[in-house]
Structures are given as structure tokens and as C-alpha cells.
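Structures given as C-alpha cells follow.
Across the two complexes that follow, chain A remains constant while its partner is chain B and subsequently chain C.
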Partner chain A sequence: MQSNAALEYDYDIVKLYMWTTVIFGIVGMTIGVLIASQLAFPELNYLFGEYGTFSRLRPLHTNVVIYGFTVSGILLSFYYSAPRVLKVSLGESPLLKKLAYLQFGLYLIAATGMVISELMGITASKEYAQMEWPLDILIVVIWVLWGVIMFGLIGMRREKALYISLWYYIACFLGVAMLYLFNNMEVPTIFFSGGIGAWYHSVSMYAGTNDALVQWWWGHNAVAFVFTVPIIAIIYYFLPKESGQAVYSYKLSLLSFWGLMFVYLWAGGHHLLWSTVPDWMQTMGSVFSVVLILPSWGSAINMLLTMKGEWNQLTENPLIKFMVLASTFYMLSTLEGPIQAVKSVNAIAHFTDWIPGHVHDGVLGWVAFMIFAAAMHSATRVFKREIYSKSLLEAQFWIQTTGVVLYFTSMWIAGITQGMMWRAVDEYGNLMYSFIDTVSVLHPYYTIRAVGGLLYLVGMFMFAFNLYKTATAGRKLEKEPQFRSPMA
Partner chain B sequence: MSLTEMQGYAYFFLTIFLVVILYAYILHLYRSEKKGIKDYEKYGKMALDDELSDSPIEEHPNAKNNKKEN
Partner chain C sequence: MNSFIVKGLVLAGVLIVATLVVIKQMHIDLSDPINLITFIGAIAIAGLTFGVGAKYMAQMKTDHASGELAEENWDGIGEYKNELPSGWAYSFLGTMIWAVWYFLWGYPLNAFSQIGQWNQEVKTYNAKFEKIHKNASPEVLKEMGESIFLVQCAPCHGETGDGLSGKAQDFTSRFKKEQVLAVIKSGQHQLMYPLGAMPAGMAQGKDAEAVAEYIANGMKGNAPTAWATCAGCHGQDGKGNGGTAPNLAGYDLTLVQHVLKNGKTGILGHMPAFPGRFTPVQEKALASYIATLKQ
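Let's look at the complex of A and B:
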């Protein structure tokens, strides 16, 4: 029998997802900066013919940062932290490890297929669900494999209770499984059209308002179960571990979990305010969005209170900076979202730039900051090396924070200006401005947004360089650090 | 009573019911800790003491536990 003295955590899979996080992060964010620049300077649309237009690149940007960068970050964090809180190594089960390799291989094929097909203009035309049916089927297989590995590890565990992070990973798995299947119900046209059209083309099973409702049930819950739930899983492990402080209140974490699970699924209707969906459904979407503040702030405050008595670490450790600012941005965007979901506010905010502003303070400030911190913390253990440069990490933090602030402030101003201009009427009730008037006024803010995005991208390159150097040239560690990640 | 009114009442009472469930859960968490049935806060340690060589906070009965053999 193998002895525990020889048994170590197996990080082979973690390393693979670490590199896909970096690659997809760079690709997705570069496209983001390009399309932000195109909105300010439209001539940039013609750089690469049809492949460089805004309409072709925008879905590619969202899909690569969500399904490439974020999902890789989630899986790297899962494969690093889940075995640790279960006290079981992936290497203890050769079958599960093989399945994990298979899952990664299929993920790489699906992600590459997604990039190529969307660049070619092949799309199911549903927002955040543009992938066509062959890729959808592949994603279902990848997801089922993840479930098998997750529950396989849980079945092998030495720790009886499941740590709160595991609850959130399970919720991510189940939530996405249910939502993905229902939203992507589609009919491949070739089988029902007598062979007309491309083999990969499909149409949704839903139509009209029903399609919109299912679409936003998915769209909003992709925010819930990809951008929120697994990121909370990440912070509940990495902040306590990096700071050496147990979570402030474990009971509050349980309560927030059930609150979030119950409330989030009902809030998607707020994307369809002032549309053709029934009025009561719009009101329900608004009400649940406001109630959502409670469980969201429950988790965020719990994280900030975890640092109680240890706030000195905020100045000393850049990884703590990333994570504390991430929970603060989580609070900001979970307050901003409900405000936008109030019907009267939404009358101004709907379809304006305030919406991408809101999305980006969440994803850049909360999601990506947590993924950077988790990857760097894991890197010291995975590669058994010190972080290559603390000063580079500090510089990345400040450059990216400046980028996020420029992004969301410019979009707040742009969005509210846009909303007010669209609604402005003269004394006879005629609209005062044409669409192009708003475009001229918004030009400076679009430029500021592109600069903000560029700063964030510069930070992404700094992160990639720092991670690569940590893996290859960081000072070797004799033993795994218990809490704080050592850095040069 | 119209169907819409019935839906309204059903929605109202369902909300009340769920709020009661939520508060009962809070009460359950705090009471079981006060009575010494379960110490929830100890689970926070799972993230900190997560080496394979660390003792589990609560050992899984069916775990293949080799540690004692060392």
C-alpha cells in the first residue's frame, strides 16, 4: 500500500489549464481592445476584411473571455483546490486522471473550434451561445466529464464534510448543465430540410418572446453560474489560504450559498424590461434582482471580514490586494446590477453603454482579478518556485485597476448621456437628437474606454510574463509554503 | 376569484413560506452550534490545513486512510 509520506498532490492538469488561461486571456482581451477602439475609430473595422469587422469580432471577444479565459481559470482553480480541501490527490485514481486529460483535450478542441467557427462567421445567433450544434454536443461531453471527475474525487475523499468552495463548484456544474441544455435546444436544419444548407447550421427550438425568455434565463445565469458561483468558490479557498485566516463566518457562507441559489435563477427577466414579455415577469425580474444584493453582499462582506485584524497584509502582499479589490468590485457590481434592474432606471439604462460598463467592472475587477490571484498562488505550489517578481505583480495591479476605473467611469457617463439624449424631446414632443448626435458626443468616452482596456491588456501581458518566469526561472522552494506565497 | 388573483395569492404565500424556511435555516445553524450539536466554524479550517499529511477536520469513515501506518 502506498504511504502518505510519498503521496503528493498531482498538479499536471492544473499546469495545462494555467497556460490556456494565459493564451485565451491574451487573445480575448486583445480582441476586446480592438473592438473598443473600433467603436471610437470606425476605420479600424477594415484591417482584416470581413474577419476584422466589429460584428464578427464582438461575439468572438465575449466567447473567448468567457469560455476560454474564465472557464480555464475556473478549471485550474478547481483542479488545484478541490483535491486539497478533500485531501485526496487526482493521481490516486489513474482513471480520473485519464478522464481529466481527456476533458482537457476535448476542451482544447472545442475552444479552438469555437474561435475558428466564429471567425468564419458561423453562429447560432444567440448571445453568449453562438456556438453551433456540433460544438454544443462536444461541450456537453466536456461538462459531463467534469461532473464524473468532481464526484469521483468527492467519492474518494478523506475529509468527511465538503468545504464551502466545493458547494459552489457543484452548483456551477449543475447550474450550467441545466441552463446550457435548455438554452441550446436547436434543430440542425440539414436533417429536416431535405439536405439544404450547411451541415452545421441550426435553428432554435424556441421562437419570439419565448426565445427571448429562454435566452436571458441562460444569459443572466451564465453570469450567475460562470462569473459568480465558481469565482466565489475560488475566493472562499484562496483568500483564507493566502492570508492564513479561516473564513470569518462559515455559517454566513452557508446562508449566502442557499440565498444565492434560490434568488439568482429568477432575476434573468430584468434583461427584458420594457419588452414584450408579460409585465408580472418583468416585475419579478426586478424584485429578485434587488433581493440578490443580500446573498451577494453576504459573501463579499464575509470575505472582507476574513481579513479582520490582518489588514496589514493588504499593503504587504499584492495577491491579497487583488483578492480584496475583487470582493470590493463584486460588491460594486452586485449593487449596480440591481439599480439597473429597477424599471424606472432601466428605462434610461437599457441598450446604453452603461450595461457593458456594469459587465466590465464585474468581469475585469472581480472575475479576472480572482483568476490572476488564484493562478499566481497555485503557481508557487505547482512549480515549487517563488513568484518571479513582486514588483511586476504590484505594477500589474495598479495598471489594471486604473484600466478598470477608466472603463467603467467612461461607460457610466456615456451610458447615462446616451439614455438621456435618446429620450429628450422638444416642446412639441419631437425627438431632439438623431442617433449620430449621440455618437459624436460619446466619442471621447469611447476613446477613454479603449485606453482603459489597453491598460488592462498590458497588465495581462505582465501577468503572462510573470507566470512564465515563475514557472521557469523563479527561485526554487525547498518546501511548499503554508500560507503566504513567497515572491522575489 | 379569478386565476390572476389566485396566482397573486399563491405567489405571496409562497414568498412568505420561503422566507420562513430561510429564517428557520438561520435559526437551525445558530441553535445547533449553541447546543453543541455541531460546530460549523471548524469547517473553515479545511482551507488552511489542506496538506495530505494534515489530519482531516472530520475523517471520512470510508476513506482509505494510510496515514496511521506511517
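Let's look at the complex of A and C:
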């Protein structure tokens, strides 16, 4: 076993992303709880004038949790784990470190700009791509900087082979770069309108069905290359590292990786089933979604089998709990998604609450759980301190798990009921229910979902407190732990 | 089966039963193929995830890690050279074979059309529907008519058919006086009855007033003298001369069919035409229900 004793890793950048992860997590999830409550209790729309309406806050919620919380979490994990598996410290190259600072500074400007502009109602009106063109350009610069740093580190590496996590980080970088550019091809109107209208306003370069296709090619692959690929990178490092177990099967890693890469990019058409998109493209989206089950499950199974025989770790270490449950939630959402993409099932599922339910299985149960575990594991090494409170971490796990289960079961039942009510007909073939009938039936489930979200937010605050205390008041460690993160 | 898998499947079962209870409360018909496939899909999601997840959980308790380690090691992380789990590998292969089948034979890329599928399903359904209700009793027709009315007509005409305070035709009476006056003044040519367009200005001044009053009151009492002009086409009783001109006394099947086919613009506004929206049985049902709304 190679020793890391000779190399002192530079964690300055990791610390910065740790705090943005916490701040954006709190902001994004608070907005999430508010808008979930608005769906159950519409009066809550009128708390802050135009700035508090569901329509204004919903894109803000998704953007802050995706581009604020999740992207921060990914970058924190990358800057922590990539140098370690490459055996090279960021501090060894003053240029790369400066670029990393620049990237963080621009990221902070872009993320703040995103929050402010979307709160003002400035939007490009494409889902998960609401940012207007000036911000889009900034994002491209940030992303290119990340690529320069990533390949710079890879070029300086002391390990011969690239660890699996790195494959996935590279895929994340390349995938998002390509998809983001194509979907955000937009025309700033000011240059072509003779100076009429706002300077930041733009229209998409594509129109109609083409725009929808490109939009969902992006929309679905944002899920692929932001919510899946880099999170797999995270679990492939942090679960074996925290548990001290070797990864179950190299072959399974390899096949899952290339399977995922090949299949994922075709599946976006399943967002447009039964629409004006050509039939063959819909069929393709549907078919590739179903094939996608196995490459997705491959990574999850590989991680679960890595923990073979390690029941004690599961019961004793809350970080392992987070990561093992994350794997199973990853399995849940990557089976649920493809089945919802089957044309007949989609005839029910589309436009219902089953879809946000499905998304939140993934983001709450998988993405955020992995980010919490990665941040806490890193914190012990970054701050050279023990995790402040094991019992708080344990409580966070159970509270948030309860939250996810409430969210997922309520939206599961609500969505299926809603979809079946929409198409229910009486004995003469006429619609049985009007829209408002479904709204009143769903009210209790919306309330349960809001409660689930609130529990999750409480857990987020516990995490923030625990991380802050770990950084400032955790017991000092003399030696960097090899595997398991020490906790009080 | 070990206790983990049993527990996992019990959890899945609870979720499925809860879903079933809720949708049954809403009178959902699970024999409908789309509903059925969705429900089977839901069972598959819950059963497979909880079942397979529990299997691997159990392995954490009972199994132990083994295999040949690869030479590489990253930051203390090793990798086994274990073979693929066979269940996973065969399932992957299976979905790939299924995908090829689906593309080329199941829903062939060059031949399947969702619009074609829709047209065919509607045609089959309507043919079956017409056959079942060919000799429907007046009670069934009325009930069917109400069911159609509530979905298709009520949004403008109101659930009781009262026209939502003048937003659309009020079916609780045949005409308001000003409607009759407007038709007399401008004529009427939209409904395409066999007797053709009604010219503008068939009656003037007091005559028009008297006729409008008479028709709006449901043709009770003695007809004014000017009524003779109207009766020429609409019949002495105003019922439309055996379907050759609009019925002014009430709503009948011919009238409902002509309005659905051609739409109608009057002083209340514009109703679009709905040609082909209903089958002949449905039109009959709708007309028989609308006829009952008049007080």
C-alpha cells in the first residue's frame, strides 16, 4: 500500500466550496420547502409580493439546489479527492491554484447573479437553463477553467492509471460542456432589434419542436452529467475510502461506465413522449431509457457489493449509512425513471406529481446524501479535526431519511392517482373528473410532501451546524486517518 | 428467502397496497390497459428496488469480501478483479436484445405512428360504442347526454345549462326577446337547413316586437299577425316544418346536429363548430338531454 505521508495536500479551495455547499443548500432547500407548502396552502404565495410567488421561486429553487448546492458539492469533492487519487497537490502548481481561485471567484459571481436575476424574474424561460446569456458566457468560462485545472492535475499526476472517479469527473466535464453550449445557443435580442428591449434578454436559436428536443436533450442530460455522473465519481472515492474496502469489481466499473456513457445521451426524448416530436425519436428515447437501467444499477451494485460483510460499519458509522442508502435510492430512481419512460406508463405519469417525486428520490436520497457524506469525510482531513458530533450526524441521517420517504411515498401515490383520475372516464366514455377534483384529492399528499421537505431542511441545518463545529471546535487530529473518519 | 428480502418486499407491498386503496377510492378502472401497465410498472419499481436492495443488504451481514486484488491502488483504495454479477450481466444483455426487437419489430422505426395508433383506437372504440348503444333506452340516452354535457358543454353553457348569466345560450328557455329581434334584423344563414338562409328584415317595428314577444314567451296564446311570415318556413307550430327549418319552440336533435356541425354566431357571441366530435348515438343523447333542460 502506498503511503500518503510524503505529500501534504492543499485544501484551500476545498474549504471555499464547503461553505458555498452549505449556504446554497440552506437557501435552495428553504425555498423548496416554501414552494412545496404553497402547493398545499396557496395563501403562502402572497408573502413577499411578486418575489414570493410559486412561479418566481420554483426556477430559483431548482437553480440554487442544482447550480449552487450540487455543483459546489461536486467541486468540493473533486478538489478534495481528485488530487489524492492522482497523488498530486493543487498547491504544487501555483498557476493551477490561481486558476482555481479565479474559478471560485467567477463561480460566486455567476451564482449570485443567477439568484438575483431569477428573483427579479429575468429568465431565458428554458427549464434548468433559465440563466440569461451574460451569465451563460460566465458559466462557460468557469467550466473551461475547471477543465484546464482537471487536465492540468492529470498531466502532473504520479499515479499511472486514472482511478474510476476521474473517468466520471472527465465525463461530467465533457458532457456538460457539450450540452450546455448547444442548449444555450441564444440570440441576444438587443443586437438585432435596433436597441429595443433589455440588454440581457435573449431568444433561443431554435424554434418549436426543435427547441423542445434540444431543451430536453439538455434537461435530461443535466440529470445525467450533474446529478449522476459526478455523484458516481464521489461514491467511487468516498465509500471505499471511508470503509477501507476495495471496490468489488473493476470489470463492473468499466462496463457500467461505458454503458452509461453510450446510453444516457439518447434518452432525453422520453421527456417528449406523445408530443409533436417524430415517432422514431420518441421510441428511441423510450428504448434507451429502459436499457439505461442496467448501467445505472451496475455502479450501485458495485458499491453495495464493496460493502459485503461490513455490516458492523453500516450500523456503527453514519457516513456509511448515508452512502449505502444513497446507493439504494440511486437504484430506486434509475429504475423508476426508465419505467416512467415506457410509453404506456408515461401516458399516466407525464405532468403528474410522480415526476417531481422521482426527481427527489434521486436528488434528496442520492445526490445530497453523497454530498453530505463527502463533505463530512473531507472535513476531518481538511480541518484535521474529528467530526464534531456523531449523534448529530446519526440524527440527521434518520430525520432526512424520514423526510425522503415521506416525499417519495406521498408523490408516488399522488402522482399515480392524479394521472389515473385525469384519464378516468364514466361508462359513456366521458371524463369523470375535472382538474379541481384532482387538486382537492391531492391536498393531503401535498401537505405530507411539505412536511417531508421540512424534515430534510432541518437535517440540512444540522449538517451545517455539525460541519461548522467540526471546522472550529472538533478535537484536533495528530495524524490524518487512513480510512474511517473519526467522530466524537 | 432471507429475512432482509422478506422485509424489503413487505415494504414494497405496503406502498403498493396504499396506492391501490387510494386509486380504488377514486373509482379507477384497473382493467384499462394503460392503468394496468402503469400499476404493474409501479409494482416492478417497488418490488425490484426493495427486493434487490435488501439482497445486497443481506450480503453485508452474511457474506464477506473476497477476490484477487488489482495491482493498482489509489489513495489506499484497491480494486478486486471479480467477475460481473451474472444476474446483472444477463439482464443487461436481455434489455439490449429487447431494445433491438422493439426498434425493428415491436414498434418499427419506419412504420409506427402514434397518430395512426390513435385514429385506429378511436375508430375501434367508437364502433364498439355505437354497437352497444344502438338501441339505447330514453333513460340511458338522457344519462349519457348529461355525462357528455357536463364535460363538453358545461364549460360555456354552465352545469345547469343556464348559459352562465348570458355568456352562452341559456337552455332553460328557447329564446330571449332580444335574440329573436337580432335574428329578425340581421337574418340567419349559418345553420344550413334545407330551406336555406333567412333574409334580414322579414318583419319591422311593432310586428317584429310582437313576434319576438310571442316566440320568447314560448308561443303561448294567440299568434300576432306577423307570425304568418315566420310560419311559412318554421311551421305554424314553430317546430321547424319537419326538420327543414330551425325549431323555434324547443331543442330537438336536428337543431343540435346543425349547431354542432356549423357552429353559431349570435348576439351572445360565437360558438365554434364541432364536426365529428360526437358519434350519432352521442348526438342523439345530447339532444335528448338538452331537451329536458327547458322549463
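One rule holds in what follows: the second predicted complex is superposed on the first by the 481 of 488 C-alpha atoms of A that agree within 3 Å, B and C clash if a C-alpha of one lies under 4 Å from a C-alpha of the other, contacts with A are read in each partner's own complex, and residues count from 1 in each chain.
One rule holds for everything that comes next: contacts are C-beta pairs under 8 Å (C-beta built on N, C-alpha and C of every residue); 3 or more make two chains touch, one makes a residue touch a chain.
Since we're looking at a predicted model, the values are computed, not measured.
Q: For the three-chain model obtained by superposing on chain A, do chain B and chain C clash or fit?
A: When both complexes are placed onto chain A, chain B and chain C end up clashing with one another.
Q: Does chain B (first) or chain C (second) touch A:Gly419, or do both, or does neither?
A: Only chain C; A:Gly419 stays clear of chain B.
Q: Have a look at where A:Ile339 lands relative to chain B and chain C in the superposition and call it first, second, both or neither.
A: Second partner only.
Q: Once chain A of both complexes is superposed, is A:Ala246 in touch with chain B (first), chain C (second), both, or neither?
A: In the superposition, A:Ala246 touches chain B and chain C alike.
Q: Counting only touches as set out at the top, which of chain B and chain C does A:Glu8 meet: first, second, both, neither?
A: It touches chain B, and chain C stays clear.
Q: So, A:Arg158: does it touch chain B (first), chain C (second), both, or neither?
A: A:Arg158: touches chain B, not chain C.
Q: Scan A:Trp258 for contacts with chain B and chain C and give back first, second, both or neither.
A: Only chain B is touched by A:Trp258; chain C is not.
Q: I'd like to know which partner A:Tyr237 touches here: chain B for first, chain C for second, both or neither.
A: both
Q: Going by the contact rule set out at the top, does A:Phe483 touch chain B (first), chain C (second), both, or neither?
A: both
Q: Spot which of chain B and chain C makes contact with more residues of chain A, would you?
A: After superposition, C is the partner touching more of chain A.
Q: With the two structures laid over each other on chain A, which partner does A:Arg84 touch: chain B (first), chain C (second), both, or neither?
A: both
Q: If I apply the document's touch criterion, which positions on chain A are contacted by chain B in one structure and by chain C in the other?
A: Looking at chain A, the two contact sets intersect at 1-2, 4, 81, 84-85, 87, 159-161, 163, 237, 240-241, 244, 246-247, 249-251, 255, 259, 483.
Q: How about chain C: which of its residues touch chain A in the complex?
A: Chain C residues touching chain A: 15, 18-19, 22-23, 26-29, 32-35, 37-39, 41-42, 44-45, 48-49, 52-53, 56-57, 59-65, 67, 69-70, 72-85, 88, 91-92, 95-96, 98-99, 102-103, 107, 109-110, 112-114, 125, 129, 143-144, 147-148, 150-152, 282, 285.
Q: So in the complex, which bits of chain A are touching chain B?
A: 1-5, 7-9, 81, 84-85, 87, 89, 156-161, 163-165, 236-237, 240-241, 244, 246-247, 249-251, 254-255, 258-259, 262, 480, 483
Q: Taking the complex as given, what residues does chain B use to touch chain A?
A: It comes out as residues 18, 22, 25-26, 29-30, 33, 40-48, 50-54, 56-61, 63-67, 69-70.
Q: What part of chain A is in contact with chain C in the complex they form?
A: Counting only chain A, the residues touching chain C are 1-2, 4, 81, 84-85, 87, 159-161, 163, 237, 240-241, 244-253, 255, 259, 274, 279-280, 282-284, 287-288, 290-291, 293-295, 297-298, 301, 304-311, 314, 324, 328, 331-332, 335-336, 339-340, 342, 344-345, 347-349, 409, 412-413, 416-417, 419-421, 423-424, 426, 428-433, 441, 482-483.
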